[in-house]
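Input: one structure, supplied below.
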Amino acid sequence: MSEFLQFVFSGLTVGAVYALVALGFTIIYNASSVVNFAQGEFVMLGGMATVFIFDAGVPIWGAAALAILLTATIGILLNKLAIEPARGASVVNLIIITIGASIFLRGLAQIVFDKQIHRFPAFSGDTPFNIAGATLLPQSIWVLFGAAAVFIGLYAFFTRTLMGKAVLATANNRLAARLVGINTNFIMALSFALSAAVGATAGVLVTPITLTSYDIGVMLALKGFAAAMLGGMGNPFGALVGGLLIGLIEATTAGYLSSDYKDAAAFIVILLTLFVMPQGLFGQKSMERV
Amino acid sequence: MKLKQVVKTTTLAAAVSAMTALATPALAEVLIGSTLAITGRASFLGDPEAKTLAMLVDEINAAGGINGEPVRLIQYDDGGDPNKARTFATRLVEDDEVVAVIGGSTTGTTMAMVPIFEEAEVPFISLAGAVAIIDPVKKWVFKTPHTDRMACEKIFTDMQANGISKIGMISGTGGFGKSMRGQCMDVAGDFDIEIVADETYGPSDSDMTPQLTNIKNTDGIQAVVNPGFGQGPAIVTRNYRQLGIDLPLYQSHGVASKSFIELAGDAAEGVRLPAAALLVANNLAEDDPQKPVVMKYIEDYQTATGEPVSTFGGHAYDAFKMLAAAMETAGTTTDSAAIRYALENTSGFIGTAGVVNMSPDDHLGLDLSAFKMLEIRDGDWTIIE
Amino acid sequence: MLTRIPPRVRALLILSILILIAPMLFPSSFYYRIGTLIFINSIAVIGLVILIGYAGQISLGHAGFSGIGAYACALAPTHLGLPPFLSLILGAVISGLLAWFVGRPILRLKGHYLAVATLGLGMLISMVLNNEAQFTGGPDGMMVASLGLTKGLEGLFDVNLKTSVVWYWFAGVMVLLGAWIALNLYNSPTGRVLRSVHDSEIAAKTVGADVARYKLVAFVISAVYASIAGSMLALFNRFITPDIASFLHSVELVTMTVLGGAGSVLGGIAGATLLTALPQALTVFHEYEHVMLGLIMMLVMIFMRDGLLPTLRKTLTRRAIA
């Protein structure tokens, strides 16, 4: 029993990170139908920038806030310089553009930062809690609550605020949104900023546990994308569930079956799910007009 | 500050390369090639290796070059991709026409390039770990780092001395971890060691508690070995302490840099690993022949780059110095056959990895005595033995 | 005059001339290797032109099929005693069968869902290659038997040949063959249905086309192309690692296809040429190499939406008319 609990703790911690990356995908996808493959780089930038600002002598909270702000700015620039000029381009074009952006950001990070692996201290120390024979790091609790807070915050933003509703309106029908007076360009910029900030927050929360370096983004984008698709693209709740599920599948496969094939297990589950539910777990059925 | 430095170095580099380009036809130059994993997953190997080579070339040119001829280093970044490495190897041989090549940060890239250098008859010194590179011996291929097999033997010797016979392994699935896992399984029997738990983790995994929980729950286990490099071993070490496992933990020579201790933090206390003398330069005896060599390299590297040394950069140091020495012994910077012959007959060369004595059937030239068994105590390396 | 030749013959003619005259511009024999790599990548990309450009389906897992082709050539000669050339065919058959088998359920998915499913398929293949080290040598890779082209020719004509030169011509012929098949497919009834699927799946279905079957045909053909390219890379390098089946290689192949112009075979080949040769040119930027690569990818996709070749062609015709 205690080992099962240990696998669950491990799966939830890792899964929460996937969920945050998947949420980042969802925000941008909803506002612009773009799948942003540079999403993993936002996580990397959040962690790496915090490391370097922290090393320069800024307290950890200030460093984290600055790093998130910096990443959000980069998100806005990405939208302004690469996505906006390509409006109306095909889906595949946009995918290649964001892949190009991720290569670009990685290349920049290895020059501005470095190619070493980094870490900063955990927020509340490294002494694990002992729960029914399993151990949980205080930082894991930070990650879990951080992910929950981000999710609830986003939910409230989209359903309770006028600005949030404007984003949803833009996502539904760009032209109609503009007709009722919504500044859709601003909404796009806002979505990229928000998505980048969510990614950077994940980077800040998780770096004390998983460490960071300039090239961690590739794998995270892959897993986050898979999580978003498993949950159903465009559905924030689906992103959350998809991320946690993949984390749990990986951890229990590594624990009970074979650590060699834990990534394989996650992808097999995704494939089987999509065969049965082609829109993912919580995705909406889309209609094609002729 | 950082950006300014970048701009400055690039301008400088551009100016220097423009000047060398202009100067090329006038001078006889020694062309040395290298292709390393300067970026990508193995970049923490390739990065210090590339910086070391660049530093040594500047140093040797300031001192008048090799046999009076200036050295020019042609350096490519293969990103750890074997197909790219092979392309750059071909470019070095057929387009740049270099006289010798240093490189191959990983075993995969090295093995992909070997046939090129064998066919073109160009001396090649690899910086990668696996024993397969030099066993069987290939005429034109040498290597400087200790083999993974030696690391296993060193670890198992220490275990045997401490009465350990049942162990668990948790290995990275990257080339390094996978190869070392195989070697350890191979030699375990010679040391009466039984591997009772065998777990793995992927190169970009971020939590290994499930695998370690399984190892913890295996009956009769007395110690754990973790072959791997990169962030993996640091996470394994932290997870190990998180789960409260109090068995001895052995890491490999793949983590032999100060940054491992920083990343693993307090969890690194008590971890043992085999490593070269480079890491414990200060603790070496005054009359140790390696001491002046490694002390100078450490100081030079830290002045040149502002970063702490790792044994990986040391592999490049040994390769370059050995090559330069071979060219001096052979009295030629162009005759590759003579340079190869001199390399093969390297004897008593003192490098960062140990004392090298090569022969026609040994293109590594290091023995187990070159490895020191270290333990991490109070956030620093300590020699035990 | 040139306009009176049918477009597909013209395309093949242009391609043959380029393959023939390129070596005259090679400063050293190293460029034969680059040429060969361009041709090998082009073969995989032509397959993707059929899948992406003709049928409008995306795949982020085609490197997996290249992996199957490559390891068929690495394993079959030692384990089954097959000669390398038959191993290449065996790899293509296995890839085709696998694509046919998984294609039906996978191709029911659309857009990004299709992307993630193919990505998963590619990941699974690459994981098997990485993990089953007792067969595949694991991440450190394994040696591959020689196709024996150079030896055979040397024996026939009693000359001394360079492997990369021989391979340049061999791969060049293979590209022409691959392009010829793809160009013929474009104008065949199958090709016409595929293109109508690209424009609107529902419209195609309404007029009575068995959409699922045609999509499957495109998927299987493209898998075979990718597999043959993988086999050729293995036989050319005579060494192979699981990197060939990696996600990044899949992305690279799609990028080549789209960058050059997914709609046309020549466009795909232009993309393969650009992305294969570019890293060699970018070495002058040293540490800025990746920054430049990312920047070029973004700029091409922003300012040349149809891809490199179609945009160039449009500009040229416009200028010709003006």
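In order of appearance the chains are A, B and C, and numbering begins at 1 in each one.
Basically, contacts are C-beta pairs under 8 Å (C-beta built on N, C-alpha and C of every residue); 3 or more make two chains touch, one makes a residue touch a chain.
Remember, it's a predicted structure, so these values are computed and weren't measured experimentally.
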item: Category of the chain touch graph - line, ring, star, complete, other; value: complete
item: Per Cα centroids, the chain farthest from chain A; value: B
item: Leading chain pair when contacts are tallied as C-beta pairs; value: A-C
item: Chain centre separation (chain A, chain B; CA means) in Å; value: 35
item: Centroid spacing, where centroids are CA-atom means, of chain A and chain C in whole angstrom; value: 32
item: Where chain B touches two or more other chains, by residue; value: 38-39, 173
item: Residue list for chain C, restricted to those that touch at least two other chains; value: 131, 287-290
item: Shared-contact residues (touching 2 or more other chains) in chain A; value: 110-111, 218, 260, 263
item: Chain B-facing residues of chain A, complex; value: 3, 6-7, 9-10, 13-14, 17, 110-112, 114-119, 126, 128, 135, 137, 206, 209-211, 213, 215-216, 218-219, 251-252, 254-255, 259-260, 262-263
item: Interface residues, chain A side, partner chain C - complex; value: 35, 82, 85-86, 89-97, 99-108, 110-111, 218, 222, 225-226, 229, 233, 260-261, 263-264, 267-268, 270-271, 274-275, 278-280, 286, 288, 290
item: Of all residues in chain C, those that touch chain A in their complex; value: 52, 58, 105-106, 108-113, 115-117, 119-121, 123-124, 127-128, 131, 200-203, 206, 247-248, 251, 254-255, 258-259, 262, 287-298, 301-302, 305
item: Touching residues on chain B, where the partner in the complex is chain C; value: 10, 13, 38-39, 76-77, 81-84, 86-87, 90-91, 93-95, 107-108, 111-112, 115, 130, 132, 173-175, 178-179, 182
item: Chain A contact footprint on chain B (complex, rising order); value: 2-3, 6, 38-41, 43-44, 47, 173, 199-202, 204, 206-207, 209-211, 213-214, 217, 230-231, 234-235, 238, 242-244, 259, 262-263, 265-267, 307
